[in-house]
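I am attaching a structure below and will ask some questions about it afterwards.
Per-chain numbering from 1; labels A, B, C, D and E assigned in written order.
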Amino acid sequence: RAQPAAVKIGLLQPMSGFLAGDGQLASIGAKVAVEEVNAAGGIKSLGGAPIELIIGDSQSNAEAGAQATETLNDEGVSIITGGFASGISTTATQAAARYDLPFIVDTAVSDAITGRGLSNTFRFGPSFSIATTIALANLQRLNDAAEDKAKTVALVHEDGLFGSGLAGLMQEKLPDMGFEIVEVISHPTPARDMSNVVLRLRSLNPDLIIPSHYYNEFVLFARTLQQQRVKPKGIYAIFGGAASSYRFVNEYPEAAEGVMDCNHWGMPDHPATAKLMQAVKDEGTFYAYNTPTNYALIHVVAQALEKAGSSDRAALTETLKTQDFDPTVMPYGIVKFDETGQNQNALPLNTQVQNGDIKVIYPEDYAQAEPVFPVN
Amino acid sequence: MSARDLFPILPVLLVLAVLPFLGLSGSLLNLLIFMMIVALAAQGWNVLGGYGGLASFGHAAFFGTGAYAAAILQTRYGVNAWAALVAGVVLGSLVGAFIGLLTFRSGLKGSYFALITLAFAEVLRIIANSSEITGGGAGIVVPIDYGFENLQLRDRRFFVLLAVICVGVGLVITRWLDRSKFGAYLIAIRENEDAARALGVNVMNVKLGAITLSAALTALAGVLYTQNFLFLDANVAYGPWISIEALFAAIVGGLGTMFGPLIGAVVLLGAGEITKEFSGGIPGFDLLVFGVILIITVAFAPNGLAGISLKSFRRKTRGHTARSSRDGGADA
Amino acid sequence: MLEIDRLSKRFSGLVAVDDVSLRVEHGSITGLIGPNGAGKTTLFAMSAGFVPVDAGNVRFEGATVTSMPPHERTRLGMVRTFQIVQPFAGLSVRENIAVGAYLRTPDRADALAEAETVGNRLGLGPMLDFAASSLTVAGRKRLELARALATRPRLLLLDEVLAGLNPTEIRDILPVIRSIRDDGVTIFMIEHIMQAVMNLCETVYVLNEGKLIAEGAPAIVCGERPVIEAYLGQGAAARLRAEGGQPHA
Amino acid sequence: MLEVRNVRTGYGETEILRGVNLTVAEGEIVAVLGSNGVGKSTLNMALSGILPLWSGEIEFTGHRIDQRSPAEIVEAGLVQVPEGRKIFPNLTVEENLELGNYRGDRSRRKAMVADVYATFGRLKERRRQYAGTLSGGEQQMLAIGRGMMSAPRLLILDEPSLGLSPLLVEEMFTLIGRLAGEGLTILLVEQNVMQSLEIASRAYILENGEVVVEGAARDLREDARLRQAYLGL
Amino acid sequence: MYPIPIIAEALINGLMLGAVYALVAVGLTLIYGVLHIVNFAHGAFLTLSMFGIWLLWEHAGLDPYLSILMLTPIMFGLGYGVQRFIIGPAGHGRDNSILLVTLGISIVIENGLLVVFKSDTRTIATDYGFRVIEIGPLLLSWPRAVGFVATMATAVIVWLILNRTDVGKAIRAVAKEKLGARLVGIDVNHIYAMTFALGSACLAVAAGLLMPVFYVNPQTGGAFVLVAFTIVVLGGMGSVTGALLGGLLIGVVEAASSLFLGDSLGQLGIFVLFILVLLFKPTGLFGARI
C-alpha cells in the first residue's frame, strides 16, 4: 500500500534576527507535535497521510515575514501557523490571504490582527484585551486576599507595540480597581541601562510594579531592582517574558524569586509539558511558553485536517471556522474560533517564581501553588 | 535632454515590465516588488549620495514620511490613495528640504552629514513610535480594499508594473542629472565645493535641490511600501534597515551611475534569496554567506557592479594612484 | 574695477592682512607680490568672498560686494583661482572647464564646446579627456585658469597660476594672458615669478606682513629698498636689472 | 651612488617613462630638467618606491631598491621632498619635523630639529601652529625641513622653489649648495633652470619619457638648443 | 521633583555609564580619524569581545576584569588582521568600498555568532555584579565605578600613545596625508592596521567592563554603536578627548532626561542635543582633530 502524500504545514517563525531565540523554542514544540502525529499514524481521514513541517524564517521583520509566507505558499503548504510578533503576523496573514491560505497566529497579541475581515486568519492565543482583563481580575483577587494591600502602582513598559499597548489598557482600568498609578515609565528596546528607571521607582516606592518588556530588559530591570534594593510588595508582569522563563529563574534565582507573570503558559500537569521541557533541554536552551503553544497548535492543525478529511485550503478554513478542537497542553478547554478568528477560550495563566521554580497560581483549575503576596 | 538620451532606459524597462507576466510564482513577484521598492529608494539615495557626494545614513526619514503620510491620510482622513501618494511624495520632499536647510546652512558634509541624517531618522522613529497619529508602537494597518482607485492591486503583476514605472521615473531623473547643468553642478560640488563656488555655483541651492529630489524618490518608495504591505510601524518606516538597504544597493550597484541602484537592488536582494536556499536551515548561516559575498563583490568590483559592464568604455587615463588634491593649505 | 578699502583680517593673534587699500583699474593687468605669508592669498580670498572680512570694504565696478557670497560675485564677473589648486579630481579636464562654462549657458552642448575652445587656448587641448587628477601641478594651474576663463569673467583673480612652468613655457603663456586682457578681462594676479610680473603688469602692489609697502610700475617698485630687502633679495634684484628692468638702486 | 637603468613605468596603461637611464655619484648635485609633464615627478615617485616599475632597475649604494617598500628606501637613506609639499596639515610644525625622523636615529632628533630651525627661522616662530594653516611658502620650508630630518644620504628635491618668493628662492639655492658641501648628495628637479644649472654639477634633460641630453651643467648652460627650449631666450 | 540624592545618584550613574560609552566611542573615533569612514563593524566587534569575555568566564572561570588582560591583545591582533587582510585589500582605499566592507564584516560576525551561539542571551553572574558602594544615601554600583576608573585609565593610555609616540604621530599623519607619510618612511598599511587594532583593543576593555552588568547576544553591540556615533560627532570626529568628554556628557544627559522625561524620550533627548550641537557647532563640541 502506497504511503499517501504528506500534508505540508508551514511554520512561520523568526529563526534569525533579534527574536531568533523565540523562533527556536517555537520550532522545538512544533517538531515534537509533528513526530507525535506521525507516530500515531498520521492523518487517518487522509489515509494515514503524514504531516510535514516546513519552516519559514521571518528574520524577525515584517517584509521578510511576508516573503517567507509567499515562499511557503509556493511550496504548497495547506496551512501556516506561527507568526510570533504582531507586526510580522499582520503582514504575513495578509500575504496568505491572497491565496486563501489559512493562517493560525500563535502568540502575537495585537488586537488588530483579528478583526480585519481576513477570513483566513485565526488566533490561537489570547489577545491583549483578553489577557489584560484576566490579568487584572487575577490581580484584584490577589490583592483582595492580601492582608497588607497594595495601593500604589508603577507601570514600566517597553515602548513598542506590545508594552505601550498594555500600558495604555492598564492606565484605563487600574484606577477603577482602586489602584493609584504613581508613575508610567517607558523605555526603548534594546535598553542599555535600567538604573534611571529604577532610581525613579526607588524614590516613589510603589507597592506594586507592573512591568511589560522583553526578556533581556526584564532581566536587566530585575537585577537592577535587586541591586538598588527596591522591594515592592509585588512585581506583577504581564506577558513579561522573563518571569515565565526558566533561563531567568535559573540564572538569577534571587532576582526572580516572587515575581509573578500573566502569560501564555502550558498546563503544568499535562504529560506533554514534561516531554517538551526535556526536548528544550536537549537543545541546550531554556523552556518558555513558545514551545507548548506551538506544540498545541500543530495538534490543532492535525485535528482540523482529520476533521476536514482534506488538505484543501478552503475546506480547512471552513473546518477551523465551524469545529471545536482540543488544545492539548494549553489551558484553553475547547478551542473555538469566533467569527473574527479569535480563539474564544484562549487564556493566559498566572505564574509566580517560588523557591526557584515557576508555579502556576491562577486560575485555580491549573494552580500548583498558593500565591505569595505581598512578597516583601 | 533629448528623447535620444532616454534611449538606453527603454529596453530595461521593457524587460522589467514583461517579467511578471512570464508566470512567476507569488514569492518571485513579491521579491520583484520589493526589489523595485528598494531600487527606488536607492535611486533616491544615489541622487544625493552618488551625484552629490553627500552620503546619508538616514534616508529612512524620507521613506518613512512617504509611507506614513500615505497610510495616515488614507486611514485617518479617508484621502484617496492616489492623492495620498502625491501628498506622501510632497511631504517626503519637504522633510528632505528641511533637513537640507538645517544641515547645509552650517556646511555639514562627509560623515557629519551622514550621521546627522541618521539622527534625524532616529528622532522621527522615536516620535512615530510614541505618538498617537502614527498608531504608536502598534503601527498602522491599511484596510484591504482592492481596486485601482485605491492603489491596491489584487493581481500583483500589475503592482510590479506600477513599481517598474516608478523606477522608470527614477531612471529618467538620473539620466537628466547626467545630461544637465544641474547635474554638472551637483557633481562639481561633490568633487570640490570651493571650486564650484568660485565658478559661480550656488552651492546651497543645488544641494537643496538634490536633497529634495532625492527625498521625493525615496518617499515614493515609502508610499509603494505602504500600498504593498498595508502595514507600517515605526521600525519599518523609520528604522535603519531602509537607509542601509538604499545605501547598500546604490554603492554595490555603482555610485553616480544610472543603472547602479537598480542593479544593486536586484543583485543584493536576489543574492539574499539565493543564499537563503543554501542555508541548510541553520539560522544566520545564509546571512553569513551573504556577508562574505558582499565583501568579495566589493573587493572585485570596486566601482560597483555597473562599473564592471562599463569598464571597457572607461577612460584608460584615469589616475590610479590618485593624487591628493586637498592639502589643507592656507587658501580658505 | 576693483576697489579694496582698508581691508583687514586676523587669524587668532596673527594679523594676516592689515588695513590694506588698493585699486585695480579697468582693463589693466595688476600684480600683487610680497614675501611668503605676507597675506596675498588671504587678501584674494576676502576679495572673492571666501573669507569673511574683519574690517573694510570691497567694491566691484562701483558696487559694494563685501558681504556678497562668492557665487554671486562670480555671476557679476569676478572669478578667483586657487593657489593650492582645487580641481574636480574625478572629472575630465573638459568636464572641469564645462562647469565654468555652464555659468553663461544652460545647454550641455554649448558648455562642452566652450570648454574645448578655452582648453585649446590654454594648451590643454591634448589633455581634454584626461582625468583632472592625472594632471601635474602646472597642468592643474592651467586648468584653474581655464575654468575661471570659461565663466566669461570681467575680473580674474589669479593666484600663482604660472608656478611650476619653466621659463620657456612662461614665455609662451604670457601672450595668452595678454590676449585675455585684450578681450576685455581685467586681471589681478599674485605671482612670484618676476619674469612674468615685469612683463605683464602695469602696476604692482607689494604686501609685507599684511601691510602694503609699495605700489607703482614694476620696474620702479622693484628698485625700492624695502621691496628688495623683504622680497626680492639682492641677487634677484641684480638679475632683474641685468635683464633690462633697470630698477633704480 | 644612484644608478637608474632602463626604467619604464606609468599610470594605469599610460606609459610615462620609457627607459630612463641616469646616475648620481656621491656628493654631487644632479639636476633633472624637462618641460611640464614629461615625467620628472613620476621618476621621483619610482625612485621612492611609491610607483612600481614596469621594468628596469634602480640601484642605490650598491643595492637594488626597485622592489623595496618606500619605508625601506627611506631607511636606506634615499629621501624625497615631494612636489606639492605633502606636509601633515593636522600636525604642528614641530610634529611634522619629528616625523621626518620616523625611520631615523631618535637620539639626535632634538639637535636636528634645532638645525632645521636654524635654517628656517620662520618655522621656529610657527613651531606650535598646525602646518595646514601655514602660507604656501612656509609649507614649502617645512617640507624641506622635514626631508632634512631623516639625515638622508641622497635627497630628492622636487620643485622646491615652487611658490617661494625670489628672496627665499635664492636662500634655498644657497641652502642646497651648503647641504651638498656638507656631503649630501642631491637630485634636483626644478623649473628654475638657470639657477639649478648654476649649482648643479651635472644635468639630465627628459623629453617624452626619455633622457635626451645629459652632461656637465656648465656645458648645458651654453647649449643653444637648451636655452631655446627651457630658458625662453 | 525628585529628592536631591536621587538626582545626584542619577547624574553619577550617567557619568559612570557614559564612561563606558566613551570607551566604545574612542575606538570608533580613532578609526574614523584615520580611515575617514564610519566603521560599521564596530558594534559587531564589541559583541565579539563580549562573547570572548563570556567564554573565558564560562569555560575557564576567568573573572571578566582579568579577562580584559587576555582579551585586549587578542582583539588588538584581530583588529590588526581584519584591517590588514580584509578591509585594506577589499576596500581599495575608497571610502565607499571600505564602508561596505565593514558592513559586510558586521553581517558576517553577527551571523557567525548566531550560528555558533544561537540567539540566546548570556550573562555573567559575578558576586560583585550587584554590589553597591554606599556613600551616605547614595547607592553606587560597584562594577560601574570600576568601569569609570578603567575607562579613564584607558583613555589616558590611548591619548599618550597618540600624542607621545611615533606610532601615534604617524597615525595622525596618515589620517590627512598618505603620500607624505609614505615619503617619510611610514608604512601606511601597517599604521592603518595599528589604528584598527587600537580601536578594537578599546572594545575588549569595554566588553570586560560591561559584562558584569550587562548581557550579550549576537545583536548586543548595536545598542552601543548608535550612541557611540552620537558621541563621536559630539566630541568632534577623530578627537579622542572629545569622545571621552562627549561620552560623559551623553551619559549625564541620558540619565537626566530619562529621570525627568522617561527613558524613551530620554533617547530623544540625546538625539535632539546631537542635532543642536551639529547645527550650531558643526565640528563638534571639542573640535575635530585627531
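The definition used in the following text is that a residue touches a chain if its C-beta (ideal position, glycine included) is under 8 Å from a C-beta of that chain, and two chains touch if they have at least 3 such contacts.
Being a predicted model, the structure only gives us computed values, none of them experimental.
> Tell me the fewest steps from subunit D to subunit E, where a step is a jump to a chain it touches.
Between subunit D and subunit E, the shortest chain-hopping route counts 1.
> Looking at C-alpha means, what's the farthest chain from subunit B?
Result for max centroid distance from subunit B is chain D.
> If you average the CA atoms of subunit A and of subunit E, how many Å lie between those two points?
36
> Approximately how many whole Å separate the CA-defined centres of subunit B and subunit D?
Centre separation, subunit B to subunit D: 49 Å.
> What whole-number Å value describes the gap between the mean CA coordinates of subunit A and subunit C?
Once rounded, the distance between the two centres reads 76 Å.
> I'd like to verify one number: the distance from the centre of subunit B to the centre of subunit E, where each centre is the average of its C-alpha atoms, in whole angstrom.
30
> By the touch rule stated above, which residues of subunit C touch at least two different other chains?
Each of 41, 83-84, 134 in subunit C touches at least two other chains.
> Could you check subunit A for residues that touch two or more other chains and list them?
16, 20, 24, 159, 186, 188
> Give me the residue numbers in subunit E that touch at least two other chains, ranges are fine.
111, 114, 118-119, 176-177, 179, 264, 267
> Which residues, counting only subunit D, touch subunit E once they are in their complex?
So the residues of subunit D touching subunit E come out as 48, 50, 69-71, 73-75, 79-80, 82, 85-91, 95-96, 98-100, 102-103, 132, 146, 150.
> Which residues, counting only subunit A, touch subunit E once they are in their complex?
16-21, 24, 159, 184-188, 190-193, 195-197, 199-200, 202-203, 215-216, 219-220, 223, 226-229, 247, 251-252, 284-285
> Within the complex, which stretch of subunit C touches subunit D?
Within the complex, subunit C contacts subunit D at residues 11, 33-38, 41, 83-84, 134-139, 160, 163-171, 192, 194-195, 230-233, 235-236.
> Help me check something: in the complex, which residues belonging to subunit E touch subunit A?
Subunit E reaches subunit A through residues 2-3, 6, 9-10, 13-14, 17, 111, 114, 118-121, 123, 125, 129-132, 139, 141, 214-215, 217, 219-220, 222-224, 227, 254-255, 258-259, 262-264, 266-267.
> Hey, which residues of subunit C end up touching subunit B in the complex?
41-42, 45, 48, 50-51, 69-72, 74-75, 79-92, 95, 98-100, 102-103, 106-108, 111, 129-131, 133-134, 140, 147-148, 150-151, 159
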